[in-house]
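Read from first to last, the chains carry the letters A, B and C; within each, the first residue is number 1.
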Amino acid sequence: MEHANWAIRFLIFLLCASILIRIWQARKGKKLFIRRLPGLDAIDEAIGRATELGKPILFSLGLGGLNPTTFASMSVLRYVTTTAAKYGLRVIVPIFRPEVYPVVEDLMREAYTVAGRPDLFSPDDIRFFSDQQSTWASAVAGTMERERPAANFFFGEYGFESLIIAETGRHIGAIQIAATVSYYQIPFFILACDYTLMGEELYAASAYLSDNPVLRGSLVGQDLGKILITLLIVLGSIGATFATLKGIPNWILELLKY
Amino acid sequence: MRLLAKLQEIPYRVVYLLVLVAIVLPFVIELKLPVFVSNETLMAYNTIEQLPDTQIVIFVSSWDAGIKGELWPQTEALMRHLMQRGIKFAIMSQIAQGASFAEEIAERVAKLYNKKYGVDWCNWGFLTGDAAMIQALAKNIPKTVQKDFRGTPLTDIPMMQGIEDISDVSLIIDIDYGPRPEWISFVHGPYGTPIIFGCASIVSSTLFPYIDSGQLAGLLVGVRGATEYESLLGYRGMGHKLIIPQSLAHLLIVILVLLGNIGYLAARKLQ
Amino acid sequence: MRGFIIKLLTFLAGLFYFLEFILPAKIGRYNNPLTPYIQPVGEFLIVFWGFAIGVGALSLMVSHYRKIKLKRPGWAYSIVFFISMIAMMIAVYLNSTHPTPKARFMYELLFTHMYMPLGATIFSLLALFMASAAYRGMKIRTLEGAVMVLSAIIVMLGQVPIGLWLTHRLPAKAQLPRISAWILNVANTAAYRAVIFGIAVGAIAMAIRVWLSLEKEMEVK
């Protein structure tokens, strides 16, 4: 559709309102509950393992450009880099889309500085390989074989290269945590990684790790929006079923058209 | 029981060797298997069968060498059908290598049906940009494309005379590892132009909802889709050649999974 | 001040697309005033992305140059990188602007006979990795695991002619391709829709945070 109709406007309003209301409530100090996510709890465990072994960490942001998924992944990258910097660890970031490179460079420089270790930051650890999947996958696999990271993080959008890099990581014995919105790559990550976060759990990661009230509020708000939309789907299904019956007034049928 | 428990410890190099044998064997020994035509492939076939020859088809071929095995047979089968029916089509790609692969296939198929470049088919080449390019293309094709793959202005290509916007296009075919839903959002949605996707088999399950909702007029799934389409067209092409090694590889993986589970259960009994 | 300007520009850019979509095509007697600008803005983004490729390529060259200069481990491969990059650039340039037989040969050699088979080789690794990952990972430890393994076997065999060959004597509805199609079209599609629904709502929430500059990654220090 080129432009929204009234149903879409209503849904957008519903979703945005639920998110903004929860953000406002969180800013006012209301405590909002988020359930435990084992994959995110394992991040500290993975960083601890890398510290024990004295090996670097590899954090991949996937194939996405500057979109919401990549921003969500960058939130986790910030957390991992800040924590890893406190233990004197390197974080290697393979880049697929070149427009992501300057944002990541800035983020990591700041993360190392906040952790009190600006000396650890090296632009050479942020590596743009290629924007072709096969080339990027072989470069990441080669990086893993040479650098031997102790922990691999795969956060973002992925294509067929997901199994190549995850299996290579498994062969080198790294602990692996994946979070992807690419539905068809989830089974490969589940097979090859120790922890896998599916779909929207990636967006929850930044809220879960940061304890920022705005992020927590938006996370709870999106859940509320989902519940409201699900209710509408159920009502719509009941309505569509009734619409097939005879004797229903016209104005109800018109309403059900949306 | 100990021997059974060892079944879950087959070295991965042996697994790789078995996969290699399974894939190479059909090229040495000829095997044939019956083909079952799926609903989504039949929909694609029927859509092209019913196309008028007064409009053009946009044939988006956005795959590279990595996925050539699955998508080359699909591209060839669809091009054969279009040329067989005398329907003009314009190739384009949203990645660098895609247009040259499609050009190679089109040239080969054109010889079979005596079709000429510029009259029966042409190649717009690589058009960059995702949603922005698709929206621009729908509104004004000559302004968005301007020149073909060989540098010829669109105004000088006979089949492009009078082609202004999406209303002059009867069908869009997108062959890609994971075809872009932007074609559905920005072309089928507002203008109603039918869309056929050809995809890698792993991605297919994400596209079935579009078949159910009627937003896609057909879907070719991996080598299987190409094989089914070839059987509908009545020829045995690359799809038929490649489906046998794929079948043996699938069978091998199933056997390995079963052996692994037998080994796992035996090991649990020993503990 | 700089941060405020960036937040303002971000908000205005998002507002443009939001309003263009929310407002109808015709508002009373007037057309949507923002729609004519969609195409030029889109073209601007295409040009912008072109510059971004340059940034990435430049960073790659600087990184490899530093490796050669400091003789870090593997510096010889950095020389190979430069040779390959320059050779490919020359081949593509000559083939496009001066397509002589020698230029064509160089292009075919580098692109068709080296780069493309290398890409296909990497993709073909999936066959091997899939076999080893499935063999190692698909174990029946729980009821859900059993359902997963059974579904995987049915779908894998149903997607190829062997499935029909094994079950062609059974009634049509009990044949593997049909059951496989049901698993993919019904069961799997329901799961896919549920996951995608969550992803879409999550993406909208994330987009609102980025648009309103509530996201930390958008902050300018």
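Just so we're on the same page, contacts are C-beta pairs under 8 Å (C-beta built on N, C-alpha and C of every residue); 3 or more make two chains touch, one makes a residue touch a chain.
A quick note: this is a predicted structure, and the numbers were derived from the prediction, not measured.
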{"item": "Chains contacting each of subunit B and subunit C, listed by label", "value": "A"}
{"item": "A-C compared against A-B, more contacting pairs", "value": "A-C"}
{"item": "Farthest chain (mean CA position) relative to subunit B", "value": "A"}
{"item": "Innermost chain by mean C-alpha position", "value": "C"}
{"item": "Distance from subunit C to subunit A - Cα centre to Cα centre, in angstrom", "value": "15"}
{"item": "Centroid spacing, where centroids are CA-atom means, of subunit A and subunit B in whole angstrom", "value": "30"}
{"item": "Numbers and ranges of subunit A residues touching at least 2 other chains", "value": "2, 132, 134, 160, 183"}
{"item": "In subunit B, residues with contacts to at least two other chains", "value": "64-67, 205-206"}
{"item": "Two or more partner chains touched - positions in subunit C", "value": "49, 118-120, 122-123, 130, 132, 134, 136, 138, 192, 196"}
{"item": "Touch list for subunit C against partner subunit B, complex", "value": "38-39, 41-43, 45-46, 49-50, 111, 115-120, 122-124, 127-128, 130-132, 134-136, 138-140, 149, 152-153, 156-157, 159-162, 164-165, 168, 175, 177, 181, 184-185, 188-189, 192-193, 196"}
{"item": "In the complex with subunit A, residue positions of subunit B that touch it", "value": "64-67, 177-178, 185, 189-190, 200, 202-203, 205-206"}
{"item": "Residues of subunit C defined as touching subunit A within the complex", "value": "20-25, 32, 35, 49, 52-57, 59-60, 62-63, 66-67, 73-74, 118-120, 122-123, 125-126, 129-130, 132-134, 136-138, 192, 195-199, 201-210, 214-218, 221"}
{"item": "Subunit C partner contacts - residues on subunit A that touch it in the complex", "value": "2-4, 9, 12, 15-16, 19-20, 23, 67-69, 71-72, 74-75, 78, 95, 97-99, 101-103, 107, 110, 123-124, 126-129, 131-132, 134-135, 137-138, 146, 160-161, 163-164, 167, 181, 183, 186, 188, 190-192, 198-200, 202-204, 206, 210, 212, 214-215, 218-219, 221-222, 225-226, 229"}
{"item": "Touching residues on subunit B, where the partner in the complex is subunit C", "value": "8, 10, 12, 15-16, 18-19, 23, 33-36, 38-39, 64-69, 97, 128-129, 131-133, 135-136, 139-140, 201, 204-206, 208-209, 211-212, 221-222, 224, 227, 243-244, 246-254, 256-261, 264-265"}
